[in-house]
Amino acid sequence: MDFQPNLEQTLRDLQAGHLSVEDALEQINGVKELGYAAIDTDRQRRNGFPEVIFGEGKTVEQMEGIMQFLLQKELPILATRVSLQKGEALSQLFPNGHYYPEARCFVLNSKKEEVDAEHYIAVVTAGTSDVPVAEEAAVTAETFGHAVHRIYDVGVAGIHRLFRRLDEIQKASVVIVIAGMEGALVSVVGGLVDVPVIAVPTSIGYGSNLQGLTTLMSMLTSCASGVTVVNIDNGFGAAYSACMINRLNHNRKENE
Amino acid sequence: MDFQPNLEQTLRDLQAGHLSVEDALEQINGVKELGYAAIDTDRQRRNGFPEVIFGEGKTVEQMEGIMQFLLQKELPILATRVSLQKGEALSQLFPNGHYYPEARCFVLNSKKEEVDAEHYIAVVTAGTSDVPVAEEAAVTAETFGHAVHRIYDVGVAGIHRLFRRLDEIQKASVVIVIAGMEGALVSVVGGLVDVPVIAVPTSIGYGSNLQGLTTLMSMLTSCASGVTVVNIDNGFGAAYSACMINRLNHNRKENE
Amino acid sequence: MDFQPNLEQTLRDLQAGHLSVEDALEQINGVKELGYAAIDTDRQRRNGFPEVIFGEGKTVEQMEGIMQFLLQKELPILATRVSLQKGEALSQLFPNGHYYPEARCFVLNSKKEEVDAEHYIAVVTAGTSDVPVAEEAAVTAETFGHAVHRIYDVGVAGIHRLFRRLDEIQKASVVIVIAGMEGALVSVVGGLVDVPVIAVPTSIGYGSNLQGLTTLMSMLTSCASGVTVVNIDNGFGAAYSACMINRLNHNRKENE
Amino acid sequence: MDFQPNLEQTLRDLQAGHLSVEDALEQINGVKELGYAAIDTDRQRRNGFPEVIFGEGKTVEQMEGIMQFLLQKELPILATRVSLQKGEALSQLFPNGHYYPEARCFVLNSKKEEVDAEHYIAVVTAGTSDVPVAEEAAVTAETFGHAVHRIYDVGVAGIHRLFRRLDEIQKASVVIVIAGMEGALVSVVGGLVDVPVIAVPTSIGYGSNLQGLTTLMSMLTSCASGVTVVNIDNGFGAAYSACMINRLNHNRKENE
Amino acid sequence: MDFQPNLEQTLRDLQAGHLSVEDALEQINGVKELGYAAIDTDRQRRNGFPEVIFGEGKTVEQMEGIMQFLLQKELPILATRVSLQKGEALSQLFPNGHYYPEARCFVLNSKKEEVDAEHYIAVVTAGTSDVPVAEEAAVTAETFGHAVHRIYDVGVAGIHRLFRRLDEIQKASVVIVIAGMEGALVSVVGGLVDVPVIAVPTSIGYGSNLQGLTTLMSMLTSCASGVTVVNIDNGFGAAYSACMINRLNHNRKENE
Amino acid sequence: MDFQPNLEQTLRDLQAGHLSVEDALEQINGVKELGYAAIDTDRQRRNGFPEVIFGEGKTVEQMEGIMQFLLQKELPILATRVSLQKGEALSQLFPNGHYYPEARCFVLNSKKEEVDAEHYIAVVTAGTSDVPVAEEAAVTAETFGHAVHRIYDVGVAGIHRLFRRLDEIQKASVVIVIAGMEGALVSVVGGLVDVPVIAVPTSIGYGSNLQGLTTLMSMLTSCASGVTVVNIDNGFGAAYSACMINRLNHNRKENE
Amino acid sequence: MDFQPNLEQTLRDLQAGHLSVEDALEQINGVKELGYAAIDTDRQRRNGFPEVIFGEGKTVEQMEGIMQFLLQKELPILATRVSLQKGEALSQLFPNGHYYPEARCFVLNSKKEEVDAEHYIAVVTAGTSDVPVAEEAAVTAETFGHAVHRIYDVGVAGIHRLFRRLDEIQKASVVIVIAGMEGALVSVVGGLVDVPVIAVPTSIGYGSNLQGLTTLMSMLTSCASGVTVVNIDNGFGAAYSACMINRLNHNRKENE
Amino acid sequence: MDFQPNLEQTLRDLQAGHLSVEDALEQINGVKELGYAAIDTDRQRRNGFPEVIFGEGKTVEQMEGIMQFLLQKELPILATRVSLQKGEALSQLFPNGHYYPEARCFVLNSKKEEVDAEHYIAVVTAGTSDVPVAEEAAVTAETFGHAVHRIYDVGVAGIHRLFRRLDEIQKASVVIVIAGMEGALVSVVGGLVDVPVIAVPTSIGYGSNLQGLTTLMSMLTSCASGVTVVNIDNGFGAAYSACMINRLNHNRKENE
C-alpha cells in the first residue's frame, strides 16, 4: 500500500522553496495536528471527498479553526449537526458561508452551481417529520456538486401521492428514501425503480418504534431487493454514498 | 356479575329428571373436568364462540376426549396447531371430521355451508411463505360460518399485483393482512380501505427480522390508521376477532 | 384500481364553472399542497374518515392552515397530541372549537350530538394513570359521532370493581381496554365478553415495564381470544378502529 | 462469622475414635470432594435444607455417587431436571427411591408422610401446559415435608374456574402461581389473598412471549402487591422459598 | 367466592341507623368513589393491608382527599414516592403525620410503636447509593408494625464488612437484600441464611447495567436458592411481601 | 404511473395472432399465476433484473415450474438458498444449469461470459467462515453479467494481508465487505476507498455476537463514511445493489 | 482466610499506647464507619490500591469527610466523576489537591512524580470525543504512579494516523484502547501488539450505537486475541487493571 | 510502521540459497496461502504468540494442512473447539499430539514442561458446569508454557469453599474467574486479590440468564475494580490475555 504517494513531489517542492517544512511534514504525514483535532488531509485523494466536520460537541472556535485550515485547500467545506446558535456565529465569522437551519448544516465553497442537472439524486420522504433528515441529505449532496430532487410527504398511507411523482423518482441515478414508523415506503419504492435505493430510518414514531430501531430493522428486512440501509437519522451518510454512486455518471461525462 | 345465569333452569331440569347430577354440576360450575383439562363449558354463552382446542402439546387421546365431550353440544369443533401425524389419527377416529394440512387444523361440525357470502372476510398475504398462517385464519373463519376471500402473494415488491385485486379487498367487512419481513403491505392496505384491518406478523425473514419481532413492531407502528395487531403467526386469533366483527353484519341480517 | 373515481364529474363541474382550476386539480390529484404538508383530500372517500392532524411537532400556524382548509369540507376536524399552550391558542383562533386538556385534543365540527346511544364503545381503564390515553380514545370516538361509556379504574388488583360494571361492558359493540404494568385487565375482560376487544398498552409502570414494552408484549400474548392490540399510548388508533367496527351497527340502522 | 461451629466436637469425636480423619476433615471443611463435585455438607445447618442435585448435565454415575454420600446423612434427597431415561436408571439403582416423570424429579427419603396438613402451600396454574413446572414445585415441597394443594388450569380466560377454588387458595400459608403467556393470573390472585404469592413464569406461548421473558417481565410489573418472582420455569426455586415461609408455621407448632 | 362477606351485618347496621346509605353502599361495593380515584375499601379484609397511596403523579390535593377518607378507618396510612415538596405540604396539612425525605414516604397512624422486636426484618444494602430504596422498604415495614434492622453498605467488594454483621442477618425472620450493579450480595447472603431472601435490584450503575435490568436479570438467575425478586427499585413491594412473611411469626405469638 | 406501458403493443400482438389470450393477459397483468406462486413478469422492465427465486421453503417441483416459465424469457435465472440435495435434483432436471454448492445457488442462462472485465465488483471477506456468504454475492453478480474479484480472508487481526491487496480493492467500481464478529474490516476499507462500500454482516461469532446482530449494529455505526449495510448473511442483496451501481459504468460504455 | 492478618501487632500497639481504642477497632474491623459511608480501610493491603471515591451522587461534604480520613494514611487519594462545580469546591478545601476538568477527577497525594518512565501505559483513542474517558484513565494511572503515553484521535477511518504512532504503542507494557461507534480500532491494535489490550467502549455514536452497547458487544466479539473489555465509559476501571499489570514490571525493578 | 522488518535478511538468505523463492515470498508477505486459509506467519513476531487454529467449522484435512505447515516452525500448536471425533482423527494423524476431550483442544509441541511454577495463573470456577470452559483456558495456558492452578466449584452459594483456597488464589500472577448464572464469584474474588482478574461468563443457567448475556452484563458492571471481561464461554481468550500478563514475570526472570 502506498501511504505517501506523492512523497517525491513533496520533497522536490520543499527543496524548491514552494513548501515550508511544516507543510511538507503535513503532506507526508497526511495529518494536520490542531491540538483538539487531527485533520486527515489525505482524504480527498483517498476517498474522493474532503474531511467533513461533525459539529455536535465541537465549539464554534474549534470549527472555525478547522475551517480556516480547510479554506486553503479550495475544497467544499461542510459542517453537519450545527445548532442554530452555532450556525449564526459561523455565519458572522464566514460571511461567504451559508447556514441551513432545517438541515442544521453550515457550508462554504459549495459546488452547488456546478451540478449536472441530468444526473440527479432523488430524496424522498414519507412524512413532513422526516424533512430535517432529508434536508441534511440534500444539502450534503448539493455541497459536493450533485443535483437533488426533493419529493417530500409521499408516504404509503395515501399512496396516490407517491404515484403522482413516480416518474421523477424512476429517472434518478440513485434514490434516498427517508421514513420513520414502519418504513414501508422503502419497500414500495424499491419495487418500482431500477437504480440503487438507500434507506434512512428516522426516529419518528413512539412506543414500539423504539427510537427508530424498529424502522431500521424493518428496512433491513425489506421484501424489495436493491435496498441498502444507513444508521438512524443519518442523512449525511446516505448522501455521501449516493454521491459516490452518482459520480459514476459524472465521471462518464467527463471522460467522454 | 351473573356467573350462573341459568341456575334455576338447571335445577328444574335436574328435578324433572332431564339432567344427571353430573351434568347439572357441570352446568352450574361451567367447567367439565377431564383430569388433563378443565373445559370451559360456559364459553359459547359468554364469548359467543365454543372452546377451541390448541393442539400443540396435546396427545391424540387428549384431543379425542375433549372432542367427544364437545360433540354432545352440537357446536363447531376446531383444533389448531395439529401436526400432520395427529391430524391423520384424528381423521380415522372422527370420519366426519376434516384435516387441513396447510392450516394444520382439524374440524368437526363445520358451519362452512351456512356462510353469508355477501359479508366476507378478506385474508390477504404478502408472499407464499405466509400462506400457512393465512390458511389457519381462513379455516378458522369458515368453521365458524363466515365467508372468506383468499388474496395471496400480493406483497408490495410488485405492487401492481395488489391493485389488481383491490376492489375485492375494499368490499370485505374486515381485512386480515398477513406478512413477514418488514410488513409493509399492512400500511398500504390500511391506507386504501374503510373497514378494520387486523395485521398478523409472520416469522418469515432472517437476521434483522428477529423471528417476526421486527415485523410485529413494524406493524404496530404503522403509518396507517385503523390497523390493530395480533401475535406472531397467530392466524387463529386474527380470524377470531374478524368473526366477531363480521358477525355484527350477520346479526343485522337476522334482526331485519 | 380507480384512483380518480369522480374524474368525469370533476371535469363537468369545471366546465360548468362550479370549480376553479385549482380545486379541480386538487380533486383529481387527491392532494392539497400547503408547502409544509400535503393534505390527503381523498381520505374520507377511501377510508371513511377525514384526515386527522397529529399535533406533535406542528406549529399553531401549521395546524391553523390545515384546519382552515378542512373547514371548507364540513367534516369533523380532530387534532391529537396538542399541548395545553397550543390548545389555548387554537381556541382563540377557532372560537367554535373545543380543547380537551386531559385528552390533549382540539376538536371542530364534532359529530358528538349525532351519536347513536344504543351502540356504544366501552372505554375501560385499569387505573387512574391510564385516563389521559382513555380520554384521547373517548374524544376521538365522540368527535366522529360514536357513543362512549367511560369505565375507569377497574384494574384486577381489586377485581370486584370490574364485576360491578361488567354488564355495561358486555353490552358494548366493541371494548377498548387501556392498561399499564402487566395489562392483566385485558385478558380478564377478553374472557368475559363476546365482542372485539382492542387493547392499548400504556407506558405506566417502572423498571421491568420498559416504558410500556412489557405491557405491549404481554397483551399480544394474552390467553384470551378476540383481543387485538395497538401501539403504546395510542388511544387515537384504538378509537379509530373501534369506530370502524361500531359503524357496522350504524350502517345497519341506516339501511333498515 | 463462625464457619466451623462444631470444631471442638469434631476434634473430640476424632480423638475418641468416633470419626475417621477423612470424615473429620470433611466436617471441618464443610466440603466433601468427589472429584466431579464438591458437596456442600454444611448446607443443612446453614440453610435448613440439604444440598439438592441439579440433574441437568450430570451423568447417572455422578448422581449415584452424590446420592450414596447423602444417604449416610438420613436427609431427604432430591434431584431435579432428571430425564425419563436417567430417572429409570436411578430407580433401578435405588429401589426405595421414586421417580416423578412429569416433575422430572427423583426422590429418596421423602418426608412426604410427615406433613402438617393444616399449613399447606397452594400450587396454582393458569393452564395445563404449566403443570410440569407446577409438579416440580409440588414434589419439591412434599419431599421436604410440606403439604401441597394442587389447583390447576384456572387461568383468567375462564375466571369462574378460579373463583370456584378461591377459598382453598386463600387458606394456604403461601401461594405459588405458575403461568405462561401474559401471566395475568398472578395479579388476580395477588389481589385476593393475604399471604405471600410467589410467581413462576413459564415459557408457554410463542412470538411476543419471547420464551417466557414477557411473562417474567409482566409478573415483575404486576399491579398487585405481595408478589415476588423467580426465574422462568423455576418450580423448584419457588417451592424452596415457599417451604422457608411455610416452615415458620411448622416451627410455631413445634415451639408450642 | 364471597365478594360481600358482611352483607347482612351492613344491612343490619343500616337498619339500626348506625350507617348512612352512602356508607352502606360503600361497604357493599367495597369501593369509595372520589372521582379521581376509586379507593378499594375492602383491601384490609382481603389482603390484610390497607390501600397504599402511590404518590407519583398525584397532586397534594388528591392525596389529601384519599388520606381524609382513610383516616376514618383508623388504619396506618402510607404514601410512597412523595417528593420533598409534596411531603412538606402534606406535613402542614396533617401535623400528626411524618415525612421521610430519604425514603420519600409520608406516614400517618404508624404502627411503629407496636413492633415485635424479636421477629424482625433485615434490610441489607450493598452500597450507600442503595439506601433510598432501602429506606422505602424500612419505612413501609415499620409503618405496618414490623421491626427492622438496617444493615447498610456491606457489598462484596469488601466482604469482611458483611461477615461482621452476619449474625444479625441470620437471626431475622426474612431478609431484604438491595443492590445495584451485578447484585452479587444477594447470592452471598442467600447462601448463608435459612430464611426467605427478597432481592431488590436498584438502578445503580451505568452502561451495561442497563438501568437496573442487568441487576434484575442477574438476581433472577442467582446461584443461591431461597431467593425471590421484585421489580427494580421496588423497596415498597419487597417490604410488603416481607411483612406478610414476618406476620406468620406475629400471628404465632398472638395465638399462643 | 404507467402500470401497463405496452398495452397497445400487447393488444396489437394479440390481434395479429402473435400472442395467445393467456399470454396477453399475463403481459397486461404483469403476473403469471402458477398457483403456488404469482410470478412478477414485469420485474425486468421495472427493476432491470428478472425475478430471482428464493429457494428456502420451496420444493424442487415448485422451483422447476418457475424456472420452466422463466426459461421462455431468455433471461438469466438465479435460485438462491438452494440446499445441496435440491441443487443436485435441479442439475438433473436442467443439464445446462450449474449448481454452486458453497454459494448454495443454482444458475441457468448465466451472463457470466458477457462481463466487462474492466468494471468489476470487489468481494472482500474478513475470514474463511465468511466465504459462503461471499460466494452467494459473487455468483449473483456473475450471473447477471458483472465481473467479480474475490479477496478473501484479509481481516484486521493480520492487517498486512489487507494492504497486500489494497490496490485491487481500490480500483473496483464498488466494494462488498463481508465480515462477522465485530466487523472492523468495513471501517478500515471504508476509510481507504473512493467508491461505495456495501457491508454484509455474517452470523459468525458467538456469545455477544448475538447471531450477527452485533456485527450488523456495529457496521451501521461505522466511523467511515460511504458505507451502507444489508441484512445479516444477505450476500444476494449486496450483490444486487452492487450490480445496479456497477451497471452505471456498463451503461456508460454502451452509450459511448 | 486471614481477615485480620496483623491482629497481634494491633493489640501490641494498643497496649503500648501507640493506638487509641477507636483506631484499634478500625484496624481490626477493617472498616471506618462515617455514617454516610463505611470506608474499607483494609483495601490497600488486600488489593494493593487504596479506596477510590466515586464522586457521582456524593456531596462535597461527604467527599471532604472521606478525604480527611484518608489523608492520615499518606496514600494517594482519587475521586472520579467529580463535576466542575464540586471540583472547584474541593480545590478550595484542599489547596494541595488538583482538579482535572476533562477527566472529572480530583487528586491529592499524587504519585505522579514517582513514575517509572520506561514501563508505561499507552492510552489510545479513536476520536476526540473519546478523550474525556481517556483522561479519566490517564489521570487514574498517573495518580497511582504509572507513566502514561497519550495517543489520541488515531481511528481507522484514517488509519495512517495510527501507523505513524505504532512504535510508541507497541513498546508499552499494556495498551488501553478507547473508542465509540463500531470500536474497530481495538481489533486493529490487538492484531499489532504483543501486550494485553484493555478495551473501553464509549457512548459515542447515535442510533444503532445504542448508547455504547453496540460498541461494547462489538469489542467483546473482536477478531483479535489478547483483548479484554470493561464497562462503557469506564476509563477508571481500565486504568486500574492496567496499573495492576504494569506493576508487575515495577515489582521486577524493585526486586532486582 | 515496519511491516517487513527482516526484509534484507530474507533477501540475503534467498541469495545464499538458504531459502526457496516460495519461502522468501511467504516471509516477505507474512502470509502462507493454503487456499482454504491464509496463515498469518508473522504473528509470533508481532503478537508473541503463534497462530491458533479455531477448529469449529474446519475439516480434519484443513486442520492437518495448517498443522503440517506450523510444525516446520517449531512453535507450540493449539487447535480449540475440536470435537471428540475430530480430536481422535487428529490423534491418529499426529501421534505426538494430545487431545483434551473436556477442553476440546488438540495440542502439539506443548511447552507444558517448561513452565515457571512460581508464577502461575489461577483458573477458578463457580460450578462444575463451568469446567469445560475452564479446561480450555487451562490447556491454552499450559500449551504456551505457563503454570496453572485449577480451583474448581467454589461458587458463592457455599462461600466457605472459596475461603479454603483463597491463599492459592491470592498468590497467582493473574486470576481467571469462570462463572455462569449471576457471576457473583467474580466480584467476591475481585475484592480479595491484588492482581488482575479476567472474568469469563459461561452460558450456564436458563430463562433470565439469556444464554450467558446476563452473566456477561453482570460481570461488566461488577462492583469490584480490577476486573476485565471476555466473551461468553471464551476460555481461550481469557488464557491468551492471562499469558500476556504472566509473561511479564517470565521476562523478568530471563532478564535477571
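Letters A, B, C, D, E, F, G and H mark the chains as written, and numbering starts fresh at 1 in each.
By definition in this document, contacts are C-beta pairs under 8 Å (C-beta built on N, C-alpha and C of every residue); 3 or more make two chains touch, one makes a residue touch a chain.
By chain, with names taken from UniProt: A, B, C, D, E, F, G, H = 1-(5-phosphoribosyl)-5-amino-4-imidazole-carboxylate carboxylase.
Just so you know, these numbers come straight off a predicted model, no measurement behind them.
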Pair of chains joined by more contacts [C-beta pairs], E-H or B-F: E-H
Inter-centroid spacing, chain D versus chain A (mean Cα positions, whole Å): 61
Chain B and chain D, separation of their C-alpha mean positions in angstrom: 39
Sites on chain D at which at least two other chains make contact: 157-158, 163, 191-192, 206-210, 216, 220-221, 225, 231
Every chain pair in contact, whichever chains are involved: A-B, A-C, A-F, A-G, B-C, B-D, B-F, C-D, C-E, D-E, D-H, E-G, E-H, F-G, F-H, G-H
Touch list for chain B against partner chain D, complex: 3, 29-31, 36-38, 40, 42-43, 57, 201, 203, 211-213, 216, 231-234
Residue ranges of chain H touching chain D (in the complex, touch as defined): 128-129, 152-154, 157-158, 160-161, 163-164, 206-210
Residues of chain E defined as touching chain H within the complex: 126-127, 155-159, 181-188, 190-192, 205-210, 214-225
Footprint of chain B on chain C - complex, ascending: 1, 46-49, 52, 163, 166-167, 173, 191-196, 198, 216, 220-221, 225-231, 236-238, 240-241, 244-245, 248-249, 251-252, 255-256
